[in-house]
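Two complexes come next, and they have one chain in common, chain A, joined by chain B in the first and chain C in the second.
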Partner chain A sequence: MVEVGPTTITQDRLKPGGKTFSIAVGVGVVGLLLTAVGYAVGGADRPSILAGYLVAFAYWLGIAIAASIWNAIFHAAAARWMTVFRRVFESMGAAIPIFILLFLPIALGMPVLFPWVNPSNRMSHEQLHLLQHKALWLNVPGFLLRAAVYFAIWVVVNQLLRGWSLRQDREGGLEPTRRMRRYGSGALPFLGLSITFAAFDWLMSVDPFWFSTIFGAYYFTGSFLSCIALLTVITVLTRHEQRLFGGLVTRHHTHNLGKLMLAFTAFWTYIAFSQFMLIWIANIPEEASWYVVRMKGGWQSVGIFLIVTHFIIPFFTLLSRGLKFNPRGLAFVAVWILVVHWVDLNWLVFPALHPEGFYFHWTAITSMLGVGGFAIAFARWRAAGHFTLPVKDPYLADSLRYQQA
Partner chain B sequence: MAAAEHAAAASGADALDAYPLMVGKQDNTTLTGNLLAHVWARPDKGWLLSFMIALSGSGALVLAITVTLVEGIGAWGNNIPVGWAFDITNFVWWIGIGHAGTLISAILFLFQQRWRTAINRFSEAMTIFAVMCAGLFPLLHTGRPWFAYFMFPYPSTLEMWPQFKSPLIWDVFAVSTYFTVSVLFWYLGLIPDLASLRDASKSPIQRKLYGIFALGWRGSGRHWHNYKVGYLLLAGLSTPLVVSVHTIVSFDFAVSLIPGWHTTIFPPYFVAGAVFSGFAMVMSWMVPARHFLGLKHVITMRHLENMNKIILATGMLVSYGYLMEHFIAWYSGNQFEWFVFFNRATGPYKGVYYLMLFCNVLVPQLFWFKYFRTSIPWMFIASIFVNIGMWCERFVIIVTSLHRDFLPAAWDMYYPTWVDITLFLGTIGFFSTCFLLFLKFIPAVAVSEVKELNEELQHRPAPVTVVTGA
Partner chain C sequence: MEHAAEHHGHAAPVGKTYVLARFETGEALVDACYKVREKGFESIDTHSPYPLHGGDEALGLGRSRVPRIALAGGLAGMFGGYLMMVYMNAWNWPINVGGRPPHAPPSFIPITFETTVLLCSLSIFFGLLVLMRLPQPYHAAFELEQFRSAVNDGFWLSVALPPGSDGKDAAALASQLGAKEVSTVKESVE
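Up next, the complex of A and B:
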């Protein structure tokens, strides 16, 4: 077998500041300011403006949690090929603490966002009765306490895995790898349950009468997919940086990212179809009402748009081997996925507020930019001063020389 | 720029993998010799005894089928409101067992998991036999299996047309496609090994027989190229198929309005459960087989430990499914849904329910600990428990959801008859018969793939020196 890849590489630490950081901070500040202005003058649109913010929050936080889960999965599976990407996953996960701050508008806006906080007089007797039953779960202190638990899990897991990884950068040795594998495996049940119940609390309870056992899987599948898409974009953008991780990524690595996006595009479709088909065919009023709203008016068009853009187009383009070997093409599909995942989350939340038909408010975009800007800036800030790949990982050579069989 | 220099310790990394993928130094000659040895050896007493027991089981199966055909399915314990019972429980259980084979042979292949090579042949054979056992039950449950061809859409003078809105018809297509592709995939992988058997045959009859099935394989570069492409394509095709089969099996229940059956998590949760039970079944056979066939050098503790990790992972997914079902049953505020779960835990079948929870939720937790993952007796016992637990799960889902429905006046109990039990035990006998024959006539390990792996294992990537800058 021919030896491939370099035998000596040079790696720099990521410099603090930089263009990415300044732009992200700028976009974040402007985005959130505009959103705040929109909210101040919003009047009757206020619940929807807050819902747009909730979507942005769930979108970016979902990616950060998904990055922690991917990292934990790769440790549990003792994967070698992805070592070159590991620090990026860790850095994405390192953004989680900023979301505690970004959670404040949601915590303060609960009465506006979630109908179960102050059941209105317009609700039927049966609905009020249901809310009474659910109050054991859907109550303000419980909601906030659970959010605190979720955040605690995410922050601790990410600190542990990232902490040992950075320690390996300094000290080397096998002990950190052993630890990360152990903690990564052990963290998975906690991560899986917390993201599921966070999806129930933050997204599903916007319509407190509707329920679906697969909803947690729906949210984390979309987040998983978007996380790989974001990783692909970052990789392709930095592929010429010879002294950072991007310069060492080969086409075999990006091919794998393409395959993962293909697999999770299919898996998202599988989950979405399972939920839709089972509810549609059984046609039980208490469940079907959720889809009834989404199958008429402008929401139906959004649904069809999602089938085409979240499944058909990415699935069939990603089947191509040539595309997966073409960095720019792959990055284009990745950006595409990042956009439609946002549409998907909007489609989950907004019809509950606007059953009468399609609704859009410009602050949805400023919220996305604002939350995203702060999340990226925070992750970039925490990544600064560290290497962009685990330089003393025992499997670095395996990863850099990784080739498809 | 202060530059520090050090080498990434590539050589030390193997210290993390306590068990090798192959024990001892092997070359192609020794591997061909010792992996084909069990085919050439005369059957020993142990094999003959097991075969006799298995054959008696198959005999019992014939008896139970005969009684069912002569007397009709009234010979079973099923009766309204429990229209589905042992039959569908066994169907789902067997289909699920088949899933491990395809996961190992196709999905782990796509994931480039090298440890799959030593166990894929073995578990794929189980897939085929398990699907055969599974298919038997719905076929018999039609009552008049000789009319089973009615289920296929063909231009009939009776103007019969299948009900395409029914998941039972989807099952017909899903299971038959799955079976066909599994057989093709398995057979394709077998061809180089059949050629090895042909070439090593001592008697002309053996040479002829293995020669016919080897389809003229000569091992040329072109043969290998076509083989590799075909194998990859079939792996790609099998992957969505294996997910679709158990998904459609879950649809059999989930499309209905029955509390306990109709829930959206069913498709992925059934697939995870199928892989869970499949791996347990592979484990139950692998532990004795590697001992008696002399395969311990290629099926090492590494393989067993990895399989136990998958059992743990899929067991956790199944537990996640249970949690979602129970939580949403309460959260929905639907009293009928909640009653089903209450009745499972407190009703007349609660023993089966708690056995299910013990086997599927508690037992796999052992595998968090390396001691249990690498202890042969423990993994064997745990795998048996998981097999039992997954059977109980299907029984709980099917029978407890049916026996107390919306109308208390219609409530009734289900008890299996001797025919039900004999039919189930009979399929285990039939499965074992097929499997023992497989172990006798076909190499249990994919010899050519293991040889390829052996070449790959000789090669370690050269270390990379990282020069760290500012």
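Up next, the complex of A and C:
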């Protein structure tokens, strides 16, 4: 029983273990084991198998970072309506430490994954010269050091914001709110820059000859969108749990999630098109090569598939107000977005390894399940024993009776 | 006599009468709207310095027509902008720009986007003016000097009275619901 403003709500602490945790651990273990087996017998496919793992890693980590960024943005904006969702953002962000462990295959597999680690003699003289020029940034110690810095930022930010939030659960008072607002605002530049450079390091450098300054924003928007989509799925799944946050979420809250998905679908398209249009119109070989590969054969089909499924369909369905008020319909679109975001990340990485045409290896799916399973299990484990919403937040009462203007 | 009768036949314009009630907070105003409607007063409105959360619902307003107007404006801007460029660049005056085709969709998209947003927002702006019957240089509420606080810190409820009502029931109800000041104003008819 918790007093929230004039009313009283009854909330349970999340029990340890549970079905979600067991399933996630099982899927995680099986997924990563199968991926490892696939890699062991992979032979010439090994770089692609590792690339599939990289995509899965970037996918789930991106969502966890995006959750921290959402949380920080809401603190910076002093937003009240989302207080009911805040613990979910904090719990998603709490998955970040497990990715330090999951980063090991990437760190160990660098020579297989990134062509700039050991420039091969099949590269042209110009390409070798270009890599030499970029070696100041693209070198192994620098790569690992930067990864350590990124992880340090993400872990510290999440630890601070989540720590003060949990402390408020125990002690109440306004000091945690003051702290979270300060740290949230202060963390934003660090979060924004670190996710941008992480995208350069981990995803863009798979093709070390190409560069795009907007690439970080591209990865960031997709992750941002997927984070809200995942939150929507979780919310809809728990909406009948009267003693968890989902039971307190109203149609006005989920309507807002739909609006945010609409906005970030449009923003993803804006960023994706900005990158394409500037490169297309300038038509400079060093920039255009990336799209040349992606505008023929199977990769072109994937690109057109993305325009239709990542923009046209979600955008025009989410325009509907009726859909945004319909929890099941909204959850369907959210799952849709989560799937096409994965296709999108594959489309970013794989053409660099297979310029000759479409390629798919089954370990891409097992990697997704493996990394996702571990990330969800870890987040669920850390969330256990806590309330699923910040029960003593001074703005919780405002959030619970939130209605739109 | 004839003159007077004719005047009478026109049913001399009768100004509308409103009960205006000021509430301390937006929440109190929204709550009051529900209660006032329960008592059968249908013609009510709110006047507040900023949009009230839940205000639409409290007033029992249906869905706004603005989204449709916006969609129509946006689509007109989208097709209008794109077709304008196709006409100019590909048909009326084709120019070879760096070897790109005269009809080059990627380079048309930014302007299409801009014309979509432009016509969409203009249609919202003018559509709203029409729907709200603005500009409205005179309204009965302006008869009350204190009503000026509606743009500052006053949350006002207005109840348009049916003909023949003196508004005592509405005024009493508003006071009972916690209104800080209640007045009855009459439209001046010149």
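As a convention for this text, the second predicted complex is superposed on the first by the 399 of 405 C-alpha atoms of A that agree within 3 Å, B and C clash if a C-alpha of one lies under 4 Å from a C-alpha of the other, contacts with A are read in each partner's own complex, and residues count from 1 in each chain.
Note that contacts are C-beta pairs under 8 Å (C-beta built on N, C-alpha and C of every residue); 3 or more make two chains touch, one makes a residue touch a chain.
Note that this is a predicted model, so its numbers are computed, not measured.
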Three-chain arrangement built on chain A, chain B and chain C clash or fit: clash
More chain A residues in contact - chain B or chain C: B
First, second, both or neither for A:Gly192, with chain B first and chain C second: first
Partner chain in contact with A:Arg321 - chain B first, chain C second, else both or neither: second
Partner chain(s) touched by A:Ile281 [first = chain B, second = chain C, both, neither]: both
First (chain B), second (chain C), both or neither touched by A:Arg251: neither
Touched partner set for A:Gly172, first chain B, second chain C, both or neither: first
Touched partner set for A:Gln404, first chain B, second chain C, both or neither: both
When the two complexes are fitted on chain A, the stretch of chain C hitting chain B, from 38-46, 74-82 or 128-136: 128-136
Chain A residues contacted in one complex by chain B, in the other by chain C: 277, 281, 404-405
Parts of chain A lying in touch with chain B, wherever the complex brings them together: 1, 3, 5-13, 76, 78, 129-130, 133-134, 137, 172, 174, 177-178, 181, 185-186, 188-189, 192-193, 196, 200, 211-217, 243, 259, 266, 270-271, 274-275, 277-279, 281-282, 284, 286, 387, 391-398, 400-401, 404-405
Interface residues, chain A side, partner chain C - complex: 273, 276-277, 280-281, 283, 319, 321, 402-405
Residues on chain C engaged by chain A in the complex (per definition of touch): 51-57, 63, 67, 71, 98, 100, 106-107, 109-110
Complex contact set, residues of chain B against chain A: 6, 8-10, 12-13, 15-17, 110, 112, 240, 243, 247, 251, 254-257, 262-268, 309, 313, 316, 320-321, 323-325, 327-328, 331-334, 368, 459, 461-470
